[in-house]
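Shared between the two complexes below is chain A, which has chain B as its partner in the first and chain C in the second.
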Partner chain A sequence: MDTKTRTTAISEWFKKVSPKKVLARSYLALVLLILYAPIFYMVFFSFMDVRFMGMDGNFTFDNYRFMFNDPTLRRALRNTLIITLTSATIATILGTLGAIGIFYMNRNPKRVMLFGNQINVVNPEVVTAMGLFLFFTVAFMPLGDLILPHNFAFGFVTIIIGHVALCTPFVVLNILPRLRRINPNNYEAALDLGASPFHALRRVIIPEIFPAMLGAFVLSITLSLDDFLITRFNSGVVETLSLYIYSAARFGNAETMGAIRALATVMFVGAISIIAIGTLAQNRLARSKFKKT
Partner chain B sequence: MVIFVLMPILLIIFYAFTNADGNFTLENVTGLFTEQYRRSAILRSVGMGISATAICLLIGYPVAYILSNRKYNKISVLIILFLVPMWVHFLLRTIATRELLQNFGLLEFSYFAVLFGLVYNFLPFMIFPIYSSLMRMDYSLQEASSDLGATNMQTFTRVIVPMSVPGIMAGTVMVLTPAISTFVISDILSSGRVRLLGDLIFNYFEGRQHNVGAALSLVLFMLVFVSLLLSKEEKTGRGASI
Partner chain C sequence: MENNKDNLKKEILIEFKGVTKQYGTSLAVEDFSLQVKRGEFVTLLGPSGCGKTTTLRMLAGFENITSGEILLNGEDISKLPPNKRPLNTVFQKYALFPHMNVENNIAFGLKLKRVEGIKEKKKVEVVVCESTGAKQKVISYEPVLDANGNTIPVMRKLRKEEIDEKVQKALKLVDLPDFAKRHIESLSGGQQQRIAIARAIVNEPAVLLLDEPLGALDLKLRQEMQLELRQMHKELGITFIYVTHDQEEALTMSDRIVVMNMGKILQVGTPKQIYDEPENGFVANFIGESNIISGVMEADYKVTFAGKTFTCIDYGFDKNERVDVVIRPEDIELFVNGDSRPAKDKPAGDNTLQGLVVSSLFKGVHYEMEVEANGVGFLVQSTTGYSVGENVNLYIKPDYIHIMEKEKEANVIKGKIIDDDAILLQGAKIKVDLTALIENSAYDDSGYLVNAAGERIANELDLYGKNVEVTMAFGDIELKDNESEGDIKGTVITSFYKGTHYQARVKADKGYEFFVSTNYSYDDGDRVGLVLVPSKMVLKLEEVEKVD
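What follows is the complex of A and B.
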């Protein structure tokens, strides 16, 4: 390519791309850069044998090896998996039932319930955590002592109840808009055709709101995974991922700090692949639908 | 739901007005205003929360606007890129931020570090509500506005911004609440030098002074409750005017 055609090509490109567009795109790029900088920083230093990031070091896989072999971290990971999956499942079921109940309520109780739900959504996590802690000490423990032979203590049960209390309002908020879009005649028709209310619920309403339930389930998992305060206030002696990361951040040695970077890398790669698979699957689904019609 | 929403709040109120022996006292509540340590933490939290929210709005609104505008952005999945960092545990992100700031020598400025951490963590909460309210807007309204002789700037200030107010309100509540009540972010980024309300509640909890902690929680709850009522008021007020 000689100089002349090159300059015309460049001026053509400049004509097509207005300075405003360039400015807008570079702004987006800048914000994205800031958002991703710490994460990429962590990914890079997860392969370095240093205590703090930014130090000089050598390339290594030791952080990953330590992450997979540290018994404390493995226990924390297992506990977190149990807690997250259990509480997300319970919250999704409870929230769905709650949303259906609220949806069919009369106007005034509905408003009260929605406001109560809203309070829990915007309530700071510290307040929820503190309130639950007081609740467990005042009401739950004496009751547990009455029923159970051995002492009832903070642990899995209290954490899971706390996480369910955290996630359920968000599930309700996710399900309600979907319920509003259902044609109410479908449910009536099912009843007219002889279905019991429970049967109609299972066969007509649940399939319609299933995508929203799935979304709520994923949201609950993220909320429960990311939670630190409710767990910290109500955990007793149970160790979870959040607590592990926090104690490493405050008092961590070189090994745990490295393991944490490896963990961040694994989470980041996991998130990207889940989103990529989801987008691809959606595209394929959309395309196959397009072909059919 | 009644048990798990109402009971904890009632218990917080009960504890806030009693001492360790369970007798009624106003000490915890008056202490909030008389004791320098707690009063300054409350003021600092509110100040930090409001500034973080304002910065998020300043940075986030243009992002949401550019993303939702067909002229600038043809890739619809680009919005997902702003979501991905949220999937990495927020404690991990905060640790990464700390060490990144440390390398730039910025960790010395504790207030800046905490503010940076807050904005960094909650920016997506501001972008998403605004983005979705802008996406729901009818594009023909913009065309109508320019057909009627408005300049681009006028269209922006008179049509687009007012239409996105619900998104701005939602984003503000979603950023302000966690920013006021944050504990871990300020704790990690300032190594305990910037004490916010959340830190205090946590410290009193650790020190087994649940009554003082409850009184502080009550303050937080009231702050959030008021902001919630204000946002409700805004909605009904607008409804009445239409």
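What follows is the complex of A and C.
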């Protein structure tokens, strides 16, 4: 290649890659770096035998070994799974029914309900947490003593109620747009073909909003898993993952600190797997719909 | 005799008795009464918002009725929920269930159906084919007997085989036999509508309701489906109630048409009756194009319009009664002097007008021409075209002249005196000259009404609050495009050309229907302002009986 063709090739390249494009690409790269660098940093240090990230150390699997063996952490994980799955399930059912109810309301009550729902979403969580705590001590405890056998205290029930209160408004907001997309005649068509209102709901409405319900369920799991404030205020003696991570991060030794890094890594891999599986399943479903027989 | 009456009763499948639907303060459907015979194809026709869909939805059970009764086979069904009514609906937007395939959509109703039968036990046998060794399940049903050896009657579900057979039959009927396993989203609009029809008729309903089912399809497909629906109606013998705003569709398909506007029935009749003998201006104008011209009934069989007296076939009107004359554009025959056609086809003298071609447009099957004769514009459709500026003769056969009673001679509105020079009319304060009402009265310098002696008389006569009747000719009201420029605001209900001008019917927001002559064409639903010219108002005090 002689010099002339090389220079033209280079100038061609410069023409193709305009400064605007370079700027746009590097901006994107920067954003992605800021988003993911801390996570990869943490993943890297989950394999190091150091107390704090950034310290000099050696490669090890000890963090993971400790994570799977520490009885406190295992108990916290078990509690969290119970709380998360229960509250996400309850919130999804409650929120779905609520959304359907709100959707078919008249204009004014609908507005009131949507406004009420909105408050829960924008309300600072610390307020909700405090409110729940006061509610439980003032109203729930005396009542609890009446209904339940003695010394009813903060614990699973209060956390789950708190998490349901946290998640339900988000479920409603997730379901409503999907309901709006349904042809309003579909429900009527089901009745017209002889279905009872309940049957029509079960066989026509629910299947159509099912993807949104699934999304709401996953969202609820995330919210519940993440939640620290409501849990902290209403947990009593029950230990959960978020509480464990919080205390370990502040007062932990090298072992627990390493364990929470390992734990975070496992959770991150889990989240990525869920997203990947979900996307694959959706693509397959879309393809099967248009397959002609 | 008694028997005959019973038979007649049986003939009637659906009966609406004074059905009214009210939303808040507005009436969507008002006093709707109609009888539909078994096996009939009845179309509810009208512009959007006329109440036709509401009527259908009340029959299907999706809307409660405010008052009245809907009878099916003589029983009131208006309180039944939709799932308990033996009717099925085809919706405009198909309303197929997107998460089910075609087969499951069609089978939806069948799976819920219970039929009379006897208690049976399902038996499954596995038969091994001797030659191939393949195993095959054979399903059979055996009746379950009670202690006395009798069969037990029950309401049973349909068997899977029965459902499959019915679904296949329905798919064949709509011409999509191989579509059972297809997903709804992979179908075209036309195919989806066919599946929606199959889903409804597979249940063998007493009545099939169709709510503008072809509205979302393109013209060619729509015409194709019209014929197919008509064919299906003949084959199945099910009563069809069809809703549409397309007059051509209604004329093509129906046994009987119900023309509606503003929640009321305007006319019920066969397509031919509706087309040939419209009962009022709205129907004449809505069903095809028409010339509607003001005329005067000179005597029986004699009507004068466009400056000439014509022979017609209508009678029974008062002498010199003012009427509206309806002539279809294709019923006017044009010919020029010296036409070479046989003399018997060449009408002359009676029922002929001389006119001038003002515009001419080729429309494919015919020419559409505007011919002016004695100051009246006629719309004419003819296969022979004449050029603009040509002098032609218009011949109208007596059979084709249709006479309608005038709906209104003048606007007569009730109002109330609220000031010395103002009345309250349809919610608006309108300046008027009250001197015409009271003898020897005049206005003083400050604008008060005074008698000959210059004394104020309003209080003495107890004028304030008195009712007045205002009469105004159609032409003395002006329409303003900007509604706020008018004294009274309203909505145009209909508007049609009357040969020399347009006649608009404007419903004031307070309810009175004004008839207005105007030079401009308005669309239905246009918001307008009405300006009442005070000098043209004829006022009359409403007589109040005096109590001594």
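The working rule: the second predicted complex is superposed on the first by the 267 of 293 C-alpha atoms of A that agree within 3 Å, B and C clash if a C-alpha of one lies under 4 Å from a C-alpha of the other, contacts with A are read in each partner's own complex, and residues count from 1 in each chain.
Basically, a contact is a pair of C-beta atoms (placed from the backbone, for glycine too) under 8 Å apart; a residue touches a chain by one contact, two chains touch by 3 or more.
As the structure is a prediction and not an experimental result, all values here were calculated from the model.
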Which superposed partner A:Pro207 touches (first chain B, second chain C, both, neither): second
Partner chain in contact with A:Gly194 - chain B first, chain C second, else both or neither: second
Dominant toucher of chain A (residue count), chain B or chain C: B
Chain B versus chain C as contact partner of A:Ala264, first or second or both or neither: first
First (chain B), second (chain C), both or neither touched by A:Asn186: second
Chain B versus chain C as contact partner of A:Ala99, first or second or both or neither: neither
Intersection of the chain A residues that touch chain B with those that touch chain C: none
Contact set on chain A toward chain B in their complex: 21, 24-25, 27-28, 31-32, 34-39, 41-42, 52-54, 98, 113, 116-120, 122-128, 130-135, 138-139, 161, 164-165, 168, 222, 225-226, 228-229, 232-233, 241-242, 245-246, 249-250, 260, 263-264, 267-268, 270-272, 274-275, 279
Footprint of chain C on chain A - complex, ascending: 183, 185-186, 188-197, 199, 203-204, 207-208, 210, 288-293
Touching residues on chain C, where the partner in the complex is chain A: 60-62, 81-83, 87-89, 91-99, 108-109, 112-113, 181-183, 185-186, 199-200, 203
Sites on chain B touched by chain A in the complex: 1-2, 4-9, 11-12, 15, 59, 62-63, 66-67, 69, 71-73, 77-78, 80-100, 102-103, 120, 123, 173, 177-178, 180-181, 183-184, 188, 197-198, 201-202, 205, 210, 213-214, 217, 220-221, 224-225, 227-228
